[in-house]
Structures are given as C-alpha cells and as structure tokens.
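Look for chain A in each of the two complexes below; its partner is chain B in the first and chain C in the second.
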Partner chain A sequence: MNILDHIQESLQYLAPEGMLVLALLAVLFADMFQATRKNAVFATLTIGCLLSVGVYVGYELFDRNSIPNVEFMSNMLVQNPVILFSKLLLIISGIIEIVFIQVYHYSQYLRERGETYMLFLAILLGCFFLVASVNLFMVFLSLELISVPSYMLVASRLDKKSTEAGMKYLLYGAFATGVMLFGISLIYGLTAGLDLFSERWILAFAAIPVFSKWIVLGLVLAALFFKTSLFPFHPWTPDTYEGSSWGVLNILSTLPKIAAFIFLMRISALFEGMQSYSILIAVIVGFSLLVGNFSALVQQNVRRLMAYSSIAQGGFIGMALLGGGDLSQQSLIFYLVTYLFSVPVALFILDYFEHISKGDAVNNFKGFGKKEPIMSIIFVLVMATLIGLPPTAGFFAKIFVFTSVWQYYETIQSPILLGVICVAVAGTVASVFYYMKVPYFLFFKEFENTVILTSKHKSSLVFVSLTMLPVVVLFFCPDRLMDLLKVIVAYI
Partner chain B sequence: MIPIDYYIIVSILLFSIGSAIVFTRRNILYVLMGIELIFNAANINLVAFGQLDPYLNGQLFSMLIITVAAAESVVALAIVIVLFKKLNTIDLNEITQLKEK
Partner chain C sequence: MATHVLSILIFLPLFGLLGLLFIQGEDQRNYRWVSIAVTAAQLILSVYLFVEFKPEYFQFHSYDSLVYMEKGNWFQLSLGNLGILSINYFLGVDGLNLSMILLSSIVLFAGACASWNISKQPKGYHALYLLLCVSIPGCFLALDLFLFFLFFEFMLLPMFFLIGIWGGARREYASMKFFLYTLFGSILILIVFIVLIISTYNPAEMMEYVPSNAGYSILDIQKGIHTGELQDQSSIIHSLDLVQLSNPLNYLPTGLLGESNTTLILGYSIRTWCFIALLVGFLIKLPAFPFHTWLPDAHVEAPTAVSVVLAGILLKIGGYGLIRIAWPLFPHEAAEASWWVGLIGLVTIIYAALVALIQTDLKKMIAYSSVSHMGFVVLGLAAATTEGITGAVYQMFSHGLISALLFLLVGVLYDRTHDRMIPNYRGLISKMPAYSVIVTIAFFASLGLPGMSGFIAEILIFIGAFQSAQITGTIPTWMPIVATLGLLLSAAYYLWTIQRMFFGKFSTHATIDRTALTDITFSEKVLLYSLCGLVILFGLFPSLLLDKIGPSMEAWSSFFINMK
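Up next is the complex of A and B:
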C-alpha cells in the first residue's frame, strides 16, 4: 500500500490529538492580540477543547465493540479501549487542572499568560501519545513532549526559587532521558527492532541473557521512573515541589504520572510472567516506599511533605505493576482514579492555607480548623484517601493493590515480594503519622497567627467539594468501577 | 568495514565520561555538555547497529535525537540565562535556595 494512503487512513484515529493541536494553535493566536489576550478567552478555548475531546473519546469508548485493536501510523501507535479509557482519565484530570488554575486566587501569573495553556496542552498531547505508543521511537518522542514543556512550566514564575527548581528538574530529566536513550540503543542492537509489542520482538527479547535484560530494562525504564518519581530518579521531587507554584505542581503530579503508569502497566502486561522484570520493579518499588514514607515523617514543611508523599504514592501505585494480571491492572487504574481526584484537592487546600498563613511550615497552620471548618474537614477526608482509610475510595484502592501483590506472591513465593509487602505495610502505618500531622495542627493547636482571616472563597469551596465527591461516592460502589475496568482491561 | 564492537566500546566510553561529568562537575554548562555526550553515545550505538538494519531505523532515530536534543538545550540555556540574572552564578554548589532544613 502506498505510504501516503496509509497515513491518510491513520489520521482518522488521531482526531483527539488533532483537536488538542488546534486548541494549542488557537491559544497561540489569541495570545497575539491585545483584545483577546485574556484569561477568559484562553480558559474557554482550552476547556471547550478538552470537553469536546472528552465527548469524542467517551463516545468511541461507548461503542467500543466497533473499534478494532488497530495499529496505525506505520505501527507506531495503537488504538484500543484501554487507551481510550486512559485518555478519558487524562482529560478529566486536565479539566480539573484548568479549573484549579482559574479558581485558585493567588496564581494570577499562571492564569493570565497564554503560555501556561499552551504548555499545558503540549503536555497533555505528549501524554496522549505516550499511552498509545507501541514503539520505543514514539515513547522517546512523547516523553520529550511531556518533559520540555514541564521544565518551562516549573521555571515560569521567573523568580529565584522557581528558576532553581526548573533548572534542577531539567538536569535530572535530561540525564534520565539520556540514560533511557542509551538503553534504547542497546535494545535496538540486541533485538534488532524497536517495535515493543510485536511478537517477533518479544521472542527476540526473551532470548537474550538475564543479566543483559536487567541492565537494558533498567536503562530504558529510567525516564519513566523519573516521570513517576520512583526510587533512583526521585531526588528532583522535593526541590521542585518547594520551588514551583501549586498550580504547576498539580499538573506535574497528575498528568505525566497517569500516562507513565498506564504505559508501565501495558509493559507489565507484555512481560507477564517474566521474573527478571517483576524483580526489577519490586526492588525499585520497595526502595521508593522506604524513601518516600520514612523521609516524609521528619518533614516540617508541607511542600516537602507532599513531595515525599508523592514518591510514596508512586511506590503504592507501582506495587500494582508487579503482578501483570487482570486484577493488578484493574487495581492500578482504580488507584489512579482516586489519585487523580484527591491530589488536586490536597494541593489546593494546602495552597489556600499557605496563602492565608503566609508560610509553608506546618507550624503556621495552627488552629485553622476552627476558623475554616469546612475546608479543614475536607482536608481530613483527602488525607484519609491518601492513607487509605474509610470512608473514601482510597481504602479500596489500597486493598485492591495489596490483594493483587499478595496473589502474585502466592504464585511465585519470592522473598523480594514478601519484603515489598512488609515495607508497604510499614509505610502505610508511617503514612498515618505524616498525613495526619497537618490535620493535627489544624484542630488540636490554638490559633496564634496574627493574620486576620477575611478570605471567604465560595468558588474554592465548591471546587474542592465537587472534586472530592467522586472519591467519596466511589467508596460506596467500588464494584461498579471494578466491573467496568474488568471489561476494559480484557482488551489489553 | 570497522567491526561493530569498536563502535560499542567508543559509545560505552562516551556514556561513562558523560555520566562522570554529570556527577562531578558543578558548573551547569559542563553538566549540560555531559548530558549531550550521553545523547551522542546513544547516537553512535544506533548508527552502528543501524548498518545491519535494511530499513535504517537506527539512522532515522539518531537524526531525531539530534533534533530533540537541540530543542532541549534551547530550553536549558534559556533557564540558565534567567538563573544567572537572578542569582549571578551558575555553580550548582552556590545555588542553594531550596534544600532540606
């Protein structure tokens, strides 16, 4: 078949990505003229685009039986219900982020620049490509499409702290990318191809020695571990969290993580039953849980606390990668769903308190519980979600993840897996202490701040409660989502 | 034709030198150069293995890496300029706004 015809035929599957590019160009165009260089115009364009992409993807997902599991663009990308569903998750989290930036009273600099929206759309585009890619070539390109805009977003406040955060993020990120590229070049030599999900490639990969498998996999997954802030590539997290603004952090800690974890999940499904892969992931996840949970215990600064907590959360989500079976995949997506709703709320409320108390140390939050009761109660709920306590969906997310790992342990009986489970249990216990540190200061310490609380943002309260609602609702009907995920995961 | 092992030796050397520079040098520009060396180590590997590939995928990939690395350097240098304006230094030891307390 003629290559041009093939490309033309492939374009029908790229409609969501096309719409994102159009929105990006529209924002760029609006940014050129004084009359349209307004926050309202940018936000309307972006949210309008996201909603239409969401409706499109939702419709395609709804009649999923008519879409085949098809590879297109010269076997670079793939289309199937799992990918459509993860695109839907990305869009939901994207809408939450844009609304976050709008509602958030103090991020004027983010809201009023067109660049924020353009960079955000570029990151979303990269995530869309990453979840759908089946070729290492495409994985590299989409990871770069996520990384480069995020470096700029982190540094976009242009003051001392944020440029330093951006610089550190960039140095770690570029190094991780370089390591991944080196790994890809070795894989290309060992298996004579980059088409990850083809039968020929899997056979070629299974034939190489175990030691080479370890090295090559470790190198290639480096950039994905960087994106999900897992163990050897986690040191950027605390510094970046401290230096950049909460609106940016919200983007960094949801979109690329969701995309990278979905891609890792597809790789786990590919390597199902390959011990060298699951041992590698087990070691990395175990160390992330250790570093994240136990460093978070000693933090006095809420930004750093959230950073280490995000490393630990990455570890918990990563535990669902170990098994590679249906249950693990379901529990991974379930965890991601609760994560994408709860993290923005946690960051939003922390930002709200940080700005009324003019400081990001936990000490400054003393006694706010009585002054801002509704916010504080929702905050306790969010923290319960992140720990995994009822009555929130976080409880079931943790239970499902632990069940899937335990099942896998019963089949292969590896001591490393047992170690991971022990570390995870200890980490969950430790997480109660550090997550409840802020609520403790909110409710059990006397108010001694000199700042007068005058800010009553109704819109903030509405945003926070609406975003929190799905997490609480999911607690009462987790089986509905699990049944849906079971149907979807079968297509992987 | 030069045997393929020689290419691999050169690329591994480049990768190690690049990593050593990244970990030891404290000047941001040197660190960026080290990262560039790592990228080029991957390029050498890809081109060397690409000789054996009838579709020349390795060659194509290395061209792409060069382009993307250039884009990444542009962003890096832009941030370096802002950083120098704000802090008057590009030494990683002296940039300590953010650290554990």
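Up next is the complex of A and C:
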C-alpha cells in the first residue's frame, strides 16, 4: 500500500487528537486578538472542545460496529476499547481541571491567560498519544509532549518560588528522560526493535538474561515512574508541590498520572506472568508505599503532606500492576476513577482554606470546621476516600487492589509480594493518621485566625459536591463499573 | 409496612437529618425537638417489635427463625480466580437482638432528652447524634457481616466528634484514645471478615445465581465442593451471610479455615488466631481488662448524653458481637479458650471494682463500675450454659438501663456545680432529697439488690457459671466463687459513696456555689423516674424479657454444645 494512502486511512482514528490541536490553535488565535483578558473565551473554547471530543470518544467506545483492535500510523499507535475508555477518563479529568481553574477566585492568573489553556491542551494531547502508543519511540515523544508544557505550567506564576519549583521539576524530568533514552538505546541493541507489542519483539526480549531485563526495564520505565512519582523518581514531588499553584498541581497529579498508569497497565498485560518484571515493579511499589506513607506522617505543611500522599497513592495504584490479569486491570482502572474525582476536590478545598488562612501549615486551619461546615465535611469525605473508608468508592478501590495482589501471591507465592501486601496494610493504617490530621485541626481546635471570613463561594460548594458525588454513588453500585470494565479489559 | 419495619427503624433518623437542614439559626430549641421526635418514633417502633415478637424458636441462625427478615442482593462482584463476592442487605430479628434493639431505643431516647441543654453548635451536635441513631440499630440488626462492619465503623465517627468537640477539658486526648483503641479493634475484626470471605462459600446463592448449578440442591453443591467435583474457582460465590457462615459445611475444605488446612502459625491454627482476633476486637469495645483504659477517659470527658449512649449501648456492641459472631462461628476454639475468657471476665470484675473503690471523681467511679459489671457478661459467656448466656444478655440489657440512669444522675450534679468530686460534697440529702433518693435507688440497682433488674441478671450468670463445670465443662467452679467478691466490692464502693456524699451534715468545698444546688426539676424527674421504673419493672417481672429471649438463648447454647 502506498504510504500516503496508509496515512490517510490512519487519520480517521486521530479525530480526537485533531480536535485537540484545532482547539489549541483556536485558543492561540483568540489570545492574540484579545484586547481585554477578562473573558471566558478560552475556557469556553477548551470545554467545548473537551465535551465534543468526549462525545465522539464515547460514541466510538459504545458503537458496536467499530473495529475493536487496530494498529495505525505504521504500527505506532493502537485503537481499542481500553484506550478509548482511558481517553474518556482523561477528558473527564480535564473538564474537572478546567472547571477547577474557573471556579476558584484566586487562580486568576491561570484563568485569564491563554497560555494556561494551550499548555493544558498540549499535555492532554500528549496523554492521548501516550495511552495509545505501541512503539517506544512514540512513548518517548508523547512523554516529552507531556513534560515540556508541564515545566512551563509549574513556573507560570513567575515568582521566585514557582520558578524554583519549575526548575527542579525540569532538572529531575530531564534526568529521567535521559535515563529512559539510554534504556531505549539498550533495548534497541538487545532486541533490534522498539515495537513493544509485536510478537517478534516479545520473543526477542524473552531471550535476554534476567539481569539485563531488570536493567533495561528499570531504565526505560524511569520516565514513567517519574510521571507517576514512584520511588526512586519521587523527590521532585514535595518541592514542586510546595512551589506551584494548586490549579497546576491538580493537572500534574491527575492527567499524566492517569496516562502513565494506563500505559504501565498495558505493559503489565504484555509481561503477564513474567516474574522478573513483576518483582521489579513490586520492589518499586513497596518502596513508594514506605516512603510516601511514612514521610507523610511527619509533615506539618499541607502541600508537602499532599505531595507525599500522592507518592503513596501512586504506590497503591501501582499494586494493581503486579498481577497483570483481568482483575488487576479492572482494579487499576477502578482506582483511577475514584482517584481522578477525589484528588481535585482535596486540592481545591486545601486551596480554599489556604487562601482564607493565608498560610499552608496545618496549624493555620484551626477551627475552620465551624466557620465552613459544608466544605469541611466534604473534605472529611475526600480524606475517607483516599484512606479507603466507607461510604466512598475508595473503600472498594482499596479492596480490589489488595485482592488482585493477593490473587497473584497465591499463584506465585513470592515473599516479595507478601512484603508488599504487609507494607500496604501498614501504610493504610498510617494514612489514617496523616489524612485525618487536617480534619482534626478543622474540627477540634478553636478558631483563632484573625481573618474575617466574608465571601461565600456558592459555586465552589457546587463544584466540590458535584465532583464528590460519583465517588459516593460508586460505593453503592461498584458492580456496575466493574462489570463494564470486565467487558472492556478483555480487549487489551 | 410490616415487611420493611426494620429498614424504617434504622433509616428513620436520616429524615430527621434532612429536617435539620431546613432549620436555621443558633437557637438550640428548634434542633432538639428533631432528635427527640425521631428517637421517640424509633422507641415506638421497637416497642411494637418487642410486643409483636413471638418466640417460636427451633434452631439458632436459621432463616426460618428470623422475624421481619429483609434480604436482598446488594451487589455481586466477580473477582477472577477468587470467585464471586456477594454482599447482601440482610436484616432480621431474633431474641438476641430484640432485647438490644429495645435497649438501644430506650437509651437513645433518654440521650436525646439529656441533650436538651446543648447550646454549643446545636445543629452539628444533633446531626451527629442522629447519625448515631442510624448506626446503632443498624449494627444490632445487620446479619450480613459486611453490613455489620459498615454500621460498626459508622458508630465510631460520630462518637469521635461528639466527644472531641462537645467534651470536657481533655476532650482531644480522650477522643483520640477512644478512636485509636476502637480502630485497632475494628481492624482486627476486619481481617477476620476478609479471611471468612475467602475461605467460605454460599451454597444457597450458588444454586440461585450460577447457571451451571441449575437443578442442583444445596446439599448437592455442598457435596460437590467437598468431593472436589465443583472445581471451577471463578464460579464459587463467597458471602458474609451470617446464617450460611454458621454452618461448618460451608467452609471450603482447602481454604484458610477449612478442615484439611493444617497450617500452624506459632503453634496455633488459623482458626484459633481468627478467634483470638475477634475476641480482642470485641473485648476492646466491651471493654475488658486489659483493654479498658480508654473507657474512663472517654466517659469523664464526654458530655452527659454521650456518656449515656456510650455506657448504655456502645459497650453492649462488644458483648453482642461476641455472642452473635465470635462464639457461633468458632465454637470449638471458643470452648478451648473458655478458661482464659472466664479468667479475663473474673479479673475485669475484681480489678475494675478495686479501682472504682479508690476513685474520687464520681463519674470515673461509675465508669469503672461499668467495666466491672461488663465483666459479668464475659463470665456468663465463658460459661456458655443456657442460664449463663441468658444472664449475660439480661445483664447487658439491665446494665444498659442502670448505667444510663447513673450517668444521667452525674450529669444532673455536674450541670449545677461543674464539680463532681466525691470529697467536695457532704450531706447532700438535706439539700437535694429527691435527687438523693434516686441516686440511692440507682446505686442499689447497680449493686444487685433483689427486685431490681441487675439482681436477675447476676443470679442467672452465677447459676450458669456454677453449672458450667458439669454441663459444658468450660470454666471451673472457683471462678464464680471468686467473682462473688465483685458483688461485695461493688456494695462497698457504692455504699461508701452514699455515706460520703449524701449522709452527715451538709457541707461543700469552698469553690462550690451552694445556691446552685437545687433539687431536680420536673422534666429531670420524669426522665429519671421512668428509667427507675423500668429497672424495677424488669427486676420484678423478669419474664417480660426472659420469655422473649429465652428460646433464642436455649437454641444458642444447644448450638454451641453441639458444635464444640
């Protein structure tokens, strides 16, 4: 077939990405010709685009006639229900983020600049490519497409702290990317190919010695561990969280994480049953759980606390990568669904409290529970989700993840897996203490802040309660989502 | 209505919560009526249940013997090779939880009345109190362990906030301690529930939901599992239905708790460890020595109404859990551990009574006497004879009423002077005659004077404990003999307190405002007299309760004797 015909044929699968690019250009033009910045053009354009992409992807996903599994663009990308579903998750998460920036009064500088939306759309585009990649070259390109706009977003407040955070993020990111490139070159040398998901490559990879497998896999996955802030690529998280604004953090801690985890899940499915891979992941996940949970215990600053919590959450999600079976994949996506709804709410409420108390130490939040009761109650609910307590879907997310690891442990009986389970249980117990630290100050300490609370943010309350709603609803019907996921992951 | 009466009883307070949302303002008078109305409605419903209950009992933990049973599938999750996890919405009443439901609605109503004067953030207080009114009856009525655990956890959170926000000076310390102890216990319980899920199966649901089993009977499926014919792991349905868990045939033979599993951890089987975990989890809640130290702190700091609920009902969840879950699911292990359980009960009785003797804070003294009296429940349970177990349930019921009364009485004094130190008062009878009379009645009820409900309970426990050496062979005769010392000690600390506080010439410590020491008001009288009336009613006519719970407890002990 002529190469041009092939590209033309492939373009039909790239409609969502094309729409994102169009929206990006539209925002760019709108930004150039805007006299005043106080308008909602950017946000309207972005949300409109996201909604239409969402409708399109949803239609493709539930359309019985669509081809379930097809590779296109010279075997660089793939289209199947799992990927469509994860794109849907990314879009939902994206919409929540844009609304986050709109609703909150203090993220003015983010809201009124066109750049924010352009960078955001670029990150989303990168995520779309990452989840669909089947070639390591494509993985590298899409990771860069995610990383570069992220560096700029982190530094976008243009003050000393945010520049410092952006710089740190850039340095760590560049390092991780370099490591990954090195790994890719080794893989090319060992297997003479980068087409990860082809049978030829799998056979070639299976033939190399275990020790080399560990090294190249560890190197290649470095950039993905960096994005998901897993051990040992986690140290950027607290510093970046401390320096950047909550709106940016929200983008960083959901979109790239979801995309990277979906890609890791596909890799796990590829390597299902290969012990050298699952032991590598088990060690990394175990250490992430240790570092995240136990460092979070001693934090006095909510930003650093949330940073370590995100490392720990990464560890919990990573547990679902170990097994590689259907149940693992279902539980990973289930966890991601609860995660993408609960994290924005947590960050939003902390942002809100931080601005009225003029400080980000836990001490500053004394007694807010009495002044802002509904906000505080929803905050308790979010923390319960992150701990994994009923009545939130976080409870089932944790149960599924633990079950999947236990199931895998029963088949291979590896003591390392048992160790991961023990660390995760201990981590869950520890997480009660640090997640409940803020609610403790909200409700149990007397209000002593001199700031007078004047403004009532009705829209903020509506935003947090609507975003929290799916998590509570999912608690009462987890079987619906699990049944749907069961059908979907069969195509992986 | 009659088919859903239990659901209505549990979820009625949620409508009260909705009602609270529409009331605005800081005036507590509007909020308190909501709590009182809701708990009164619950009380009426549970009295209706109590009167309508006909004890036609044949077998413990069987579907036929449950009244007003509600059972529906909540969700089913397919977990790959681990089979299908099935959770039911399963409620039902038998003699055991009938008494607890009646007790909890009486005490919750009394607590709502005692919350009359809460003026600090009344909306939040009453909202949390109503949440407690959902979870307590839910916990007693749930017969699916998943549901039970949900309600069990939901009791913890409102209690934590009620003590932590509306409590006394050291409220943060006390609520944290309460939270950590109970959380530790519930984690132990959760671990056992998870082990139960993965090592049992539910033949009734496998017959109903798995298409390949169509045409088989329950017995066929049980046989198939035990002979290894039903090999397909992914079509085994696991559930936490208490009725199915009570049947030893429903344990997978090769599962963690199965008969052919001989794994030993530190020399004990997994079943034994599970029993120990359940025992410790519920003993913390009960509380028994050496897990009792959270209770005096929590009681001293909690506001009166919360103390009433805590002592009146929450402690009973521990005893209820042991009787409902630990003993029936692990009868063999329970029989082997009975000697130690009896010893824990005995030590709790004597030790807590000795500690009560040296207290100078009236509320702390009553808190320790609570611990001591809950020790009798453990002793009756360890005996496991019909009389012993009936006595244990009767003791939980009567102690619920008496301790509610005692904590209300402490609240009356504390409301007036904000001081509850025993040495700071003398000769109160001349200033507050009606109050002193009720205190004396309550003290005598608690120390087991014949004619009061405590006497019936303790006499039953002693009969059961003395018989157990012959009938069940679980505890030796010297244990009840030593336990009688507890009665003597409780008489000592109660009479000594009466003598110090109420007799003699009237005098108070210099810091106490004497003009505040007025006798009890009319509304207080109504509440206190009616509780006294109940204590005497169930003391003079024990058959009122025994007729309802007796057959169930007989079935319980014959089940236990057969299984051990």
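Definition applied: the second predicted complex is superposed on the first by the 484 of 492 C-alpha atoms of A that agree within 3 Å, B and C clash if a C-alpha of one lies under 4 Å from a C-alpha of the other, contacts with A are read in each partner's own complex, and residues count from 1 in each chain.
Keep this in mind: a residue touches a chain if its C-beta (ideal position, glycine included) is under 8 Å from a C-beta of that chain, and two chains touch if they have at least 3 such contacts.
Predicted, not measured: the structure shown is a model, and the values here were computed from it.
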item: Fit or clash - chain C, chain B, common chain A; value: fit
item: Partner chain in contact with A:P391 - chain B first, chain C second, else both or neither; value: second
item: Chain B versus chain C as contact partner of A:L297, first or second or both or neither; value: neither
item: Touched partner set for A:L25, first chain B, second chain C, both or neither; value: neither
item: First (chain B), second (chain C), both or neither touched by A:I7; value: neither
item: Touched partner set for A:M167, first chain B, second chain C, both or neither; value: first
item: First (chain B), second (chain C), both or neither touched by A:V210; value: neither
item: Contacts of A:V487 with chain B and chain C, given as first, second, both or neither; value: neither
item: Chain A residues touched - chain C or chain B, whichever exceeds; value: B
item: Which of chain B and chain C A:C422 touches, first, second, both or neither; value: neither
item: Chain A as apex of chain B and chain C, Cα-centre angle in degrees (nearest 10); value: 140
item: Lowest C-alpha to C-alpha distance for chain C against chain B (Å); value: 26
item: Residue ranges of chain A touching chain B (in the complex, touch as defined); value: 137, 140-141, 144, 147-148, 151-152, 155, 158-161, 163-168, 170-171, 174-175, 177-179, 181-182, 184-186, 188-189, 192-194, 238-239, 242-243, 300-301, 304
item: In the complex, chain C residues that touch chain A; value: 75-82, 121, 124, 150, 153-154, 161, 164-165, 171-172, 175, 183, 187, 198
item: Footprint of chain A on chain B - complex, ascending; value: 8, 11, 15, 18, 22, 28, 31-32, 35, 38-39, 41-43, 45-46, 48-50, 52-53, 57-58, 61, 64-65, 68, 71-72, 75-76, 79-80, 82-83, 86-87, 95, 97-101
item: Of all residues in chain A, those that touch chain C in their complex; value: 325-327, 370, 373, 389-391, 400, 403-404, 406-407, 410-411, 429, 432, 443-444, 477-479, 482-483, 486
